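Look at the two complexes coming up: subunit A is in both, with subunit B in one and subunit C in the other.
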Partner chain A sequence: MKKISKSSLFFLPAFLWVFLFILFPMIWSLYISFFKYNPAIYGPKMTFNWGLNYYYILTDKRFWESMLHQLYYTGVGVAVEVTLGVLVALAIYNYIRSEWLKMVCLIIVTLPIMAAPIIVGTIWRLLFNPGSGVLSALSVMLGFGAIDWFDRAHAMNSLIIADIWEWTGIIALIIYAARIAIPARIYELAKTDGIPDRIVFRRITLPLLAEPIGMATLIRMMDSYKFFDLLFIMTRGGPGTATELPTFYTFILAFEQSDFGKAAALSWILGLIAMFIMQYIWGYFRKLRRFEVRL
Partner chain B sequence: MELKRLIVWIALAIYILWVLFPIYWAINSSLKYVWEVNAIPPLWWPPKPTLKNYIWALFSERAGKSLLNSLIVSTGSTAIAVFLGALAGYYFSRYRMHEGIFWWLLTTRMFPPIIFAIPIFLMFKYMGILDTHLALIIAYVAVNIPLAVWLMRGYFDEVPVEVEEAARLDGLTPFKVIWKITMPIIAPGVAATIALTWIFAWNEFLLAYVLTRNVAFTYPVVLPTEVVSSQVFYNRMTALSIVALLPSIIILLVFRKHIVRMYVLR
Partner chain C sequence: MSGQEKMDRRSALKIVGGTIAGLVVGGAIGYLAKPAAPAVTSTVTSEITKTITKATTKTVAKGAATVTKTITTTVTGTATPAVGGIKWQLPPGEKNPTVDFSGVTLKSVFDAGIGHLIEWFKDELKSECGVTMADPEYNPMGQQYQKTMTDLLSGKPSWHLVQVVAMYLGDYVKTEKVQALDKYLSGFANIDAFWADIVPPFREYYCKWGGKTWALPFDGDIHVFNYRPSLFRDDKLKRKFKEKYGRPLTLPQTWDDALILAKFFQEETGLYGMGMVGQRPFNYGWWLDFAAAYGVMYFDEEMEHAFIPRDRAIEASEMFYKFYEEEVVPPGTPTMDISETVTLWQSAKVAMFPWWVDLNEFTARTECPVRGDLGDTLMPGAPDPKWGTIIHRPLMHYGRIFIIPTDIPEECKKAAVYVMVRLASKYYSVYYVADPFCGSDPFLFSHYTEEAAMQYCKPNPYRGTAPDWPVNEGIFKDPELARKHVLTAKQNLENGFPQPCWPGSAKYIDSLSIHVQKLASGEESPKEFVNNVAADWESIRDELGKSEQKEYWKSFVETSKKLGYWPRA
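On to the complex of A and B.
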């Protein structure tokens, strides 16, 4: 018993800190979610309302629309990022001979993921800016006429484009690391046996990369579920609610409508979805620890 | 074969251009005056380059102070988070107990931050510490501890237990063993953990936006606000962005080997 208590001194401070400032607040927000609590309108009074908040959210069209936006955003964005990331990683690995140039390419590819999302959002908002933005100018130059990148039809895709710019690099980096880990001997054997490149790619490279690709996809999916900063600075959910995602709707409920009860209920719905997804990624996630990257 | 190589090179060059162009455009815009930034069609390079925006970003009441606040908050929170994270990481690496807690710590990082931003905001409101550096530091330490624990555990795992046992047989206390023997071995890992934790605090937006107003605001909070009567000061915003991007670039160059490890836990 004494031995346990002494060694737990190591992890207790960290554990307590996270417990006090993450877990306890979350439990508290579960409590709040069962109350009508809107300090801006009704003052600090909290009235128990029998879980009506959850009923409101689940029958709220705006909530379900934001979930659909999330599906579209995650589906399209992550699909493009993974495809592009894998291609870029393999292109750098296979087609650039000089080690030095390989490293320069990888650093450039990684550059966007180190930038704060809010900075990326600023830059892309400027690029998409109607009229004076580069992309508007390009679309005029190419003869498509002036496209308003932030109108109802394009706004979501504009966000996805900015997201692809920022996050393709992480996929490329993970896949590059995984490709390095495949022993070169396999390829030598394939070459001495005279197996054509296309078959080597389909029968050796792809199957061996399947697991890292799966993991990279899951990481990106979880991350896109947390997507907030870019949306905040680029469209603020607009026009109307055309680009609103569930996390942003939670933010609006809490900090613009001051409806903390409903916001807490929505954040718990989002949290439960996250836990549900995590159940599935758990096994995958543990394997990640094996990765060591050599650049 | 050579044709194929050429096509791949061109495609890769296009990709590199696509990555670099927005950064070029940010630098370009940061050297312009506000009427040049909003010119139609856009100007591909600044006609009369000016450093005015950088002076604004570094020394103005609002932007300059926000950078200083960012520096205080990220440095303070990193110091605490890495210290506590190292202790916990050591524990999980050596004692191999409470694995459940380790994984539970990691899960907290997978939730959308808005989930705890709301109750933390309410809690700090009751405690009366909204809009202080302390509030942001407390929140960032909580968010970054899992990252620090994850990274430090990985580095401790690389040091064989036998090394420590030998030192302990020589009569060193457990804390001395960590400090004098293990830490120097994994010094590069510790440096990387510090840098990566720091950059997360530096780049964080949502909590900063929610928890600060007029005193402790950090630079991500200032960025979206440079709009005066429908005039958007993109020249200032990009200048501030470029300044705030510099630490990221330096850390990328120095710690590029460690970056994948960090981003699996973003």
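On to the complex of A and C.
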């Protein structure tokens, strides 16, 4: 009989942890997603409903609206964050000579990450306040008139601005670390050969940073997919459903309507979509890495 | 893998399986473990008058000096002999010989808006029945439903006494995790007097469901119309208004009047004419202040069509939208939350503001520009198209009630019901309702008496001061203002309109609040709004089970008929 090393039993606590707190809740949520389970309406009894919860969610206009919002939020927000993060990191690396000053700059750009999202949300809600907020006053001063940052046209962008402010620093930090790791010798060779800076950037820096950029983008995309706190504080999904994202809709279904069956089905739909998207993006950035450094 | 000890897979699986089984068995034993048996109660008579002395400690200027003041108050209760039941008509703290809950500790949970009544009264409750009240837990106002609902559903509730919001009563009851109170209440002597003191809509809509009692009230939330009296006293404004409209500057009777006044004040003073709460989910209450006055009901009697009469619902929505269209509400109102509107009001930027009755109470305790310039009156209404009389229908919005979970020991249930009855009775509630650090509003007939009104001018004799309630003095210095405030609360309550509170209300309210935001932000026209929200409500009714929903609605209609809300005035 094949023997198992006793020392491998040390994995038991980890296994139990994963089973109790990750696998079991997942299996349970998958199970209840096939039941009509809303104790606030139908009492505690669960009734098997042959996947009707999935049908309900996939034919729900509010769900698809929230997915569109998610697409906009992630598309614009993450793209701006990554672009800004890369630029900031490279600017700090290339244009600041003093190591001490580099550190100070990095600390400054990463400070917002350290703030609790609830505080960030409250601060931005105050800044955007249409009556008394600094940004509203600024827009009047600059002659743009009073802007209602939380109306239908602006509310999502206000959330994105707050999110960019909070999370650009993490991209900058990752890219800065990756840039340090590129051997200086490559750049020296390029310089010796008289290759212009823009070619160096395109042919050396960018390909070598492709994977870290991909990783940073993935992290931010995953994070944006579960975006909740700023939204909860700043707009609560409004006005109407203009800033409602799928996670917030899940929250409403589960915790404001006690519709646990549908909320579980929605979570699984979101999980599967996320897995698919992440797989695709990861593959894309791995492809980018294949570009050789060509001088 | 030489040198390492080996075991076969079967042994490994035995260990893993054994560990999991151990956890399961251990959990089951823990789950089944029950607390000690209940204590026995007895019946004796008791004294009714009591003198309370509480030290009030006040720290002055950077902690340099501490002033200690003693408050002495004589409290008198009307004694009714206990006829073979638990006495509840006693002054706070009086030893109650009919109950003994020594050894029982009750945990409670509140939303943060209510204040600290458990902390204030725990000594009195202990001395009268021996119960120990643990320091309560507090949740943010908007999260009380989520936290208490999930806790109850767990089957292992964290609290014995749970404050919930009345609009979700039906939802809580359907979980079968809320204890019906009838059998416990029947053990109280002269309990009819207790029920008779509760204002009927709170008693019938917010405490009972399906012929049973599930909750007791301790907060009579109702919207009232708040205004700045100085604006209505200002001679210049009076003259200008008279010149412009050919009539005197008086408080608004209808929503049309309110709109005219809002525009006038905004033009003449630079203040925002009217404040409203726009953020989900509570914004629906402000629309209902309008709609109910226009005679709109949630459904017709058969629950076939929502928001009827539809034409009146559209009229009400047009009126509501005019406040946004004419920009007499502060910018950003459609997403403005409760605290932001309060800040605007307290910083004296708004002329008029429909809000809960306690706005002026806690504003009076705050050092803010509007302090001393606070008035409240009956909510504006709309003329009845048939009779021409003005119908006022302020919403009985939110409304805190106590429930107890089914899954707690019997002795805790008995103690919790006792505490609920005592706190809801006038013997305690007169004091916390009039306390500026408590968010509870009048809900008993006893709260509208001269004696209760005068309590608004006195300190709460049952508490001292602490960082969370740093002062203890009456809300009003002028007794006349106190009388007027209490009268306003009564007047509004007499016209109050119930919020949806049947099972499924959370879903209906979610839909209504989304559409109200769309109406306020101009995304939907009044007509679209009414048609869309009605269609939504009808599909929610079908989705939740039309026949069950009709049953629930029937019960709501029966109560409405009993209380004179149906047919509409």
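Definition applied: the second predicted complex is superposed on the first by the 270 of 295 C-alpha atoms of A that agree within 3 Å, B and C clash if a C-alpha of one lies under 4 Å from a C-alpha of the other, contacts with A are read in each partner's own complex, and residues count from 1 in each chain.
Basically, contacts are C-beta pairs under 8 Å (C-beta built on N, C-alpha and C of every residue); 3 or more make two chains touch, one makes a residue touch a chain.
A quick note: this is a predicted structure, and the numbers were derived from the prediction, not measured.
Once subunit A is used to superpose the two complexes, subunit B occupies space that clashes with subunit C. Once chain A of one complex is fitted onto chain A of the other, the partner contacts of A:122 are limited to subunit B, with no touch recorded for subunit C. Within the superposed three-chain model, A:108 lies in touch with subunit B and out of touch with subunit C [touch as defined at top]. Contacts of A:15 after superposition on the shared chain: both subunit B and subunit C are touched.
After overlaying the two complexes on the shared chain, residue contacts for A:219 are found with subunit B alone; subunit C is out of touch.
Once chain A of one complex is fitted onto chain A of the other, the partner contacts of A:131 extend to both subunit B and subunit C.
Partner contacting the larger number of subunit A residues, of subunit B and subunit C: B. Once the two complexes are overlaid on the shared chain, A:255 sits against subunit B and subunit C alike. Of the two partner chains placed by superposition, A:75 touches none, neither subunit B nor subunit C.
In the superposition on chain A, A:51 contacts neither subunit B nor subunit C. By the document's definition of touching, both partners, subunit B and subunit C, reach A:7.
On subunit A, the surface touched by subunit B in one complex and the surface touched by subunit C in the other have residues 4, 7-9, 15, 129, 131, 255 in common.
The residues of subunit B lying in touch with subunit A in their complex are 5, 8-9, 11-12, 15-16, 18-20, 22-23, 25-26, 29, 37-42, 84-85, 87-88, 90-92, 95, 97-98, 101, 103, 105-108, 110-116, 118-123, 138-139, 141-143, 145-146, 149, 154, 199, 202-206, 209-210, 220, 223-224, 234, 237-238, 241, 244-245, 248-249, 251-253, 256-261, 263-264, 266. Across the complex, subunit A is touched by residues 1, 4-12, 15-16, 19-20, 23, 145-146, 149-150, 153, 168, 171-172, 174-177, 278-281, 330-332, 334-335, 337, 340, 344, 349, 503-504, 506-507, 510, 514-515, 517-518, 520-521, 523-524, 544-545, 548 of subunit C. Across the complex, subunit C is touched by residues 1-9, 12, 15-16, 39-44, 129-131, 136, 146, 148-152, 155, 235-242, 252, 255-259 of subunit A.
Here subunit A touches subunit B in the complex through residues 4, 7-11, 13-15, 17-18, 20-23, 25-26, 28-29, 32, 84, 87-88, 91-92, 94-96, 103, 105-120, 122-124, 126-127, 129, 131-134, 137, 140, 165, 169-170, 173-174, 177, 215, 219, 222-223, 225-226, 228-229, 232-233, 247, 250-251, 254-255, 260, 263-264, 267-268, 270-271, 274-275, 278, 282, 285, 288-289, 291, 293-295, going by the rule given at the top.
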